[in-house]
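What follows is a set of notes on a single structure, which appears directly below.
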Amino acid sequence: MIFDALFGDPAVDVLFSDVSLIAAMLRVEVALARAEAAVGVIPERAVDAIEQSADARRYDLAALAAEAANAGNLAIPLVRHLTECVASIDADSARYVHWGATSQDIIDTAMVLQLRDATAIVLATLERAGDAAAALAERHASTLMPGRTWLQHATPITFGLKAAGWMSMLDRSRAHIQHALLPASVLQLGGASGTLAAFGDRGSDVARAMCSELSLELPEMPWHASRDRIATLVCALGVATGAMGKIARDISLLAQTEVGEASEPEGEGRGGSSTMPHKRNPVGSAVVLAASVRVPGLVATVLAAMPQEHERALGGWQAEWETIPALVRITAGAARRTAEMLGGLEIDAERMRANIEIMHGVSMAESVSMELAEHIGKFDAHRIIGAAAKRAIDEQRALAAVLVEMPEVTKHLSRAAIERRLSAEQYIGAAEQFVRDALRDHARNERAGAHESR
Amino acid sequence: MIFDALFGDPAVDVLFSDVSLIAAMLRVEVALARAEAAVGVIPERAVDAIEQSADARRYDLAALAAEAANAGNLAIPLVRHLTECVASIDADSARYVHWGATSQDIIDTAMVLQLRDATAIVLATLERAGDAAAALAERHASTLMPGRTWLQHATPITFGLKAAGWMSMLDRSRAHIQHALLPASVLQLGGASGTLAAFGDRGSDVARAMCSELSLELPEMPWHASRDRIATLVCALGVATGAMGKIARDISLLAQTEVGEASEPEGEGRGGSSTMPHKRNPVGSAVVLAASVRVPGLVATVLAAMPQEHERALGGWQAEWETIPALVRITAGAARRTAEMLGGLEIDAERMRANIEIMHGVSMAESVSMELAEHIGKFDAHRIIGAAAKRAIDEQRALAAVLVEMPEVTKHLSRAAIERRLSAEQYIGAAEQFVRDALRDHARNERAGAHESR
Amino acid sequence: MIFDALFGDPAVDVLFSDVSLIAAMLRVEVALARAEAAVGVIPERAVDAIEQSADARRYDLAALAAEAANAGNLAIPLVRHLTECVASIDADSARYVHWGATSQDIIDTAMVLQLRDATAIVLATLERAGDAAAALAERHASTLMPGRTWLQHATPITFGLKAAGWMSMLDRSRAHIQHALLPASVLQLGGASGTLAAFGDRGSDVARAMCSELSLELPEMPWHASRDRIATLVCALGVATGAMGKIARDISLLAQTEVGEASEPEGEGRGGSSTMPHKRNPVGSAVVLAASVRVPGLVATVLAAMPQEHERALGGWQAEWETIPALVRITAGAARRTAEMLGGLEIDAERMRANIEIMHGVSMAESVSMELAEHIGKFDAHRIIGAAAKRAIDEQRALAAVLVEMPEVTKHLSRAAIERRLSAEQYIGAAEQFVRDALRDHARNERAGAHESR
Amino acid sequence: MIFDALFGDPAVDVLFSDVSLIAAMLRVEVALARAEAAVGVIPERAVDAIEQSADARRYDLAALAAEAANAGNLAIPLVRHLTECVASIDADSARYVHWGATSQDIIDTAMVLQLRDATAIVLATLERAGDAAAALAERHASTLMPGRTWLQHATPITFGLKAAGWMSMLDRSRAHIQHALLPASVLQLGGASGTLAAFGDRGSDVARAMCSELSLELPEMPWHASRDRIATLVCALGVATGAMGKIARDISLLAQTEVGEASEPEGEGRGGSSTMPHKRNPVGSAVVLAASVRVPGLVATVLAAMPQEHERALGGWQAEWETIPALVRITAGAARRTAEMLGGLEIDAERMRANIEIMHGVSMAESVSMELAEHIGKFDAHRIIGAAAKRAIDEQRALAAVLVEMPEVTKHLSRAAIERRLSAEQYIGAAEQFVRDALRDHARNERAGAHESR
């Protein structure tokens, strides 16, 4: 609650509020009644009374909570209160409340509805984040910066390449969530043991009508204790959060005082310190990184809960009730922060270019080593240039200056060749091409509605 | 919230409510001011104004939440609002609010206070659960039941032995939590970078005075990014929940329709089904098992968050804020349910004894095998008795009846010896002794205040 | 090693042996050389020498391991030894070994090859398991057994319905793995910082040629620190293992001594006890359940490792090296055991039918409650039948006998109606229909090559 | 295997090799036989034959592995082979092999022995690491460097303070492991169902004698399905790895090209790149960080495995067999790398001091803000100095130069006061005191054998 605004996304948080949960469950009860009336299992009149009683705001959440603690799930007290409410309108209709269904039918279908709505928001936010990354990739396709491996300077890249990598991950994550959403967007209706026995031979008709009420797909059979549909969606959200964690890690490292190549968008009061007046803390990165630390444990919980007993679980199913909403909310919050960060990221291109030079050209060592290798082989070139690089760093001199003093180098390479090779601009390979290719894929995905992942 | 009553413990839940969190943070601010006044860093008069402003109920939680989302932590807006409140009482005193401290000092110390109070409740509940298990162990020290390994009948045990095992786990868990609580019951006070620099040479005095205000220990240095103290306590709670999960697993298996040896305490509306009138679902076991599925992922999160950057983390610390309260609440809920289940567990001793017989004496096979082994060696005895057991099961006959027809057996064992050996009562070994020993340890721990784990 | 045969699958284990890993890396080096020669980056002659040197069995694994410990990855020593080997054949060719690539290019592409081969085996095994489940579903479409919810008897189902649920999960898991395999079946080739700079303008040509050598897809750009492709596949395997855990949980519960409805295939020495001659432990279930306990933590590890730094990670990537093979092997072992269990599962249909009766007809209570509800409403019917059910159990009498004594029941229902309603055969609803539908989907998936998940 | 040298510790790896596992199990069988002979349960002569047969190197590991896959555990085939071996020496003695024990007695006690030995090595390595950190803390007690919070410069600290924080975590981790080792250093002996029934009334005597053979403690009862003892030790190792992860995170961040304040010890071939001649990758940090990513998932696995069924588990226990050795080995490897890194860490004190200045004195803003606050209150001072800091950074000027131009500042503070306040040397508060206090605690712990944690 008090941390919702920090870690979550308001639009998703509201979907998982207590009253929204009750509303979703009531929506399922109404759809059940409508479907049953449509196929003639219960009278039409009962539907009216049930619909009139299905306003979640009229229910006493504290009472429901207390009774659920005793009953073991929320559907039992909700059905009791709903029945009373219907009875107060029309005594006869009360007998048809929750007709033929079991608690898990209501709870699971409500969760499916919540997941569908929440996932749509996450997808839209990820699309916004991906577009923001694409804009960065395009704008900075040729903006040179140090490549960094193992947190050490490597050969240069362009910032556009880094942003294109972020964009691609976001696009793939989105496509993957969309794909995983399909098998999870199904009705749960099985009755006591998953046979729909209470409906006699009308079970399939009711189920079909209910799917049409709720715009859900009809599964080939109830799935009370088969949680792979849900787990698959949970995993897709987990991967997306991990991908956003990588972006946040990069941004937070670029924003370091000593690096200074990027900073999160500024804002009044954003990222201040209670004691240090100068601080601008990277709040967005912290939230996303925190999400990427938390979500793996929640995914593991959902997976660990999968071996559910027989036709309804004892423990595993119940473990999902708070875990899945938490996971979706954290993912949504991470997506919101990622979109916001990418949308307003401040890039210091001059600092990027300047930082390449702090190694005195040594990060370009591979380039000259490759040219030298053409003459003396990779192994010896690697050794000779490695020694020169060490000298350059020890003596704080430009690598070029060191190399031109080494006969074993100058025998094969001219000073001009060395200098050309040590120019960062000349050594970014296919970076710009990769950015173009990735942007082309991004645009194509946009057009195609991003329905397919690679 | 709507699931708090189901999965949590009301006494612990209230400790972690939003208003309690703010109250704990304000308590730390007050203690800081008192300590600073006591050593002369700020004027006494400021303390009065700060104390008067420290009523959590007067703060606008929604506003704090919204500002925290921007600032990155709760302390920044809280200090701002507190300062305003103090200023409205005495403008001059406002300048001394939060003097010399950093946000994490307040947030961490408040969490320590919450953890100390919540852990005390968990410990008391575990003690109640342990005592209930002890009562079961004592009452049923000699109540025979099937031993079960790999979910198959093994040689018999007594229910007291099983209950004594539960009791021992609960006692050890409690002792371990108590031990882990010590290093976590420490002040956090370091200021901006953990040096107390803003206090000049008065930092240590302030810290000592603050410890005495809050009855906390003084650590040898601030621990902003050293989370082992917290992680150790979290792990101890995690192990306790796993131990309770084992108890719940056993109870749920004993309560199976086909086994029927134990059932959870009955209660009006407890464990009903929304559709099946006869159902009495083991709600307590489900809650505890759900806890034991959820807690490992939360423990993993706290451990994964430990590699925190330099003097204050970017992501790891923030990952704790919702995770640790969730974990403590789930553990407390599991403890409450475990105590309740053990306190009212219904045991069907007749069914236990009867269930031993469903294997036609075959679960006693080891007994006669061991006696035969004295004559022909373990290996051959194992083989011969194994074949007899298979025949007994296939033919649905008593193992004794099969054995007396086998000359390779009767050559060494008389019918009387066989029957004596196949009597469950004669084959419970040290079970009763183990129960006595464990109860003795339990009583000793009670007397000693359970300060030491084995 | 010593546990490989217990927990793994020999065909997959061999793919992840040390020598196979080296072989896969050498295969990548060879493909790199061939591709480079094909586009003219290195001379053809070098390819011959590299191919001749690429026999993994000739490499000293202990030496590679020791050097890797120092260098930080396996590729560095392998390239060194490979270069030496090539030099011994043709000194000039040695300079072209590993030309333009970086360690991670080799390590990641080799992992992709291993994953592709291992996943193919897992998929085939899952198909076998799904077919075995389908055979069970078909054979037992109408075999009545107790439905069980919260480990308590519920209304009856058929064993075919349970088996069809297993089958559907296996089919969906398989389809999902296949889908996740696509984005993971890509080349990794980026050179030092992911720009292919060492190739000048020939990078894309080399990459394309290498893809064709290895039958891999070309990604839009290198993905050294973008691990979502791998994490997605890992998650799909994780969900499959969870699904198999559900199957194993069910089998182990059905095999309980008191239940006796199913047992794992017998085998000489299978599931024995070192001390109890009669034991037949469900070894297959234990292995699969152990897998479902272990895999969630490994999935969490891969997700937690995703926030990798810049162009090459410090810690996160390295965390994958042992984790992913372990996860794949455990999944493969679970699949093997699941296929074996389902292929030879022994079903005791008589015991299933008999077990329905141990509740004296009480598990059919819903059926008569629903009929009574037609007259007096669901709420009252539920209450009246609930009381009758309690009496039947307390007095150990048939529920029918209790009901015919209750005027509030007989007023509405005749004795014949009651008895018809309490007949399990009459109360399995759509169970058989569900089985047929699921089998139809299974057959369709088979025909379609199971390329699409629902 | 091929990664053992990279991620593990050779001394610990050897303890968990296949042959060592078999040796530990044989050692338990021998101890059992000796204990049984000592109390007269089996003849002395059998002990000789069993001892002669207990050389692990004589056993066919591949055969044991294959049979274990079928039997479900390693003890069954081992007992069979041991029995054959004994029989070949003395047929009569063969009947006394494994007398009265169950497989889990052997497997668990062997694991306890392995854990005890491995933990001793981990403890010694952690002590070495702690001493190395202490030496750094002492040497650099007054070495100024930037404090860093949220990866942004904060007020200065000393490197000694950072190292003292590492030391304290290592010391606490060690003390905590030692404490957790006690309840885990116990015999497992219960026989088939944990009652020692096969021993008649001699069970306790045998158990006591066996404890004395193996220098283990006698638990109050067998603990086959009560895994808290093991889980507690596992958690302690997990916390230690997290603590080491924090150290490695710090070192890797200090070693960044742009920071350059510390570097891992150099070594021939250490941390090279296969393509970039200049690279010196922080291999130690990578290994430790990888460990801290992997261990949380393994800890979660052990916790998730705790709810074990009845007297012997189906899945949970088996999940431990590979997980616990993996976890211990990774922890041991992390400890070895941490000790090595800390022992040879290269510190660039000049660079540390210089890095403080890159913020133009802005990181000292709190200092002058606190002094100004004495005059105008914390809130206004924070605002004024914050604006000045922003100006200093924007204009790349010294904060002091900006401040002396601001009348609202100079009204209260002289130029000299401002400059004194902005001197890093004057603003390290209690840093040196904390280092002294922590070193005193460290020395005291050393003397006390570090038996108690705070």
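Quick notes
Order of writing sets the labels: A, B, C and D. Residues in every chain begin at 1.
As a working rule, a contact is a pair of C-beta atoms (placed from the backbone, for glycine too) under 8 Å apart; a residue touches a chain by one contact, two chains touch by 3 or more.
Everything numeric here is computed off the predicted structure, so don't read it as measured data.
With contact taken as defined at the outset, chain A and chain D are each touched by B, C. Across the two candidate interfaces, C-D and B-D, the one carrying more C-beta contacts is B-D. Separation between the centroids of chain B and chain D, computed from CA atoms only, is 23 Å. A straight line joining the Cα centres of chain C and chain D is 32 Å long. Residue positions of chain D touching 2 or more other chains, listed in rising order: 72, 98, 100, 148-151, 154-155, 191-192, 198, 248, 252-253, 271, 273, 275-276, 281-282, 286, 289, 292-293, 296-297, 299-301, 304, 314, 366, 381.
Looking at the complex, you find that chain A touches chain C at residues 72, 83, 87, 91-92, 94-100, 147-151, 154-157, 161-162, 164-165, 168-169, 172-173, 176, 179, 182-183, 186, 191-201, 203-204, 217, 219-229, 231-232, 235-236, 238-243, 245-246, 248-250, 253, 289, 292-293, 295-297, 299-301, 303-304, 306-314, 366-367, 370, 373-374, 376-381, 427-431, 433-435, 437-438, 441, 453-454. Within the complex formed with chain A, the chain D residues making contact are 146, 148-155, 252-253, 255-259, 271, 273, 275-282, 286, 296-297, 300, 304, 355, 358-359, 362-363, 365-366, 369, 381-383, 385-386, 389-390, 393. Interface residues of chain B, counted against chain A in their complex, comprise 1-7, 18, 21-22, 61, 64-72, 74-76, 79, 98, 100-103, 106, 191-192, 198, 248, 252, 267-276, 281-283, 285-294, 296-301, 304-305, 314-316, 318-319, 321-323, 326.
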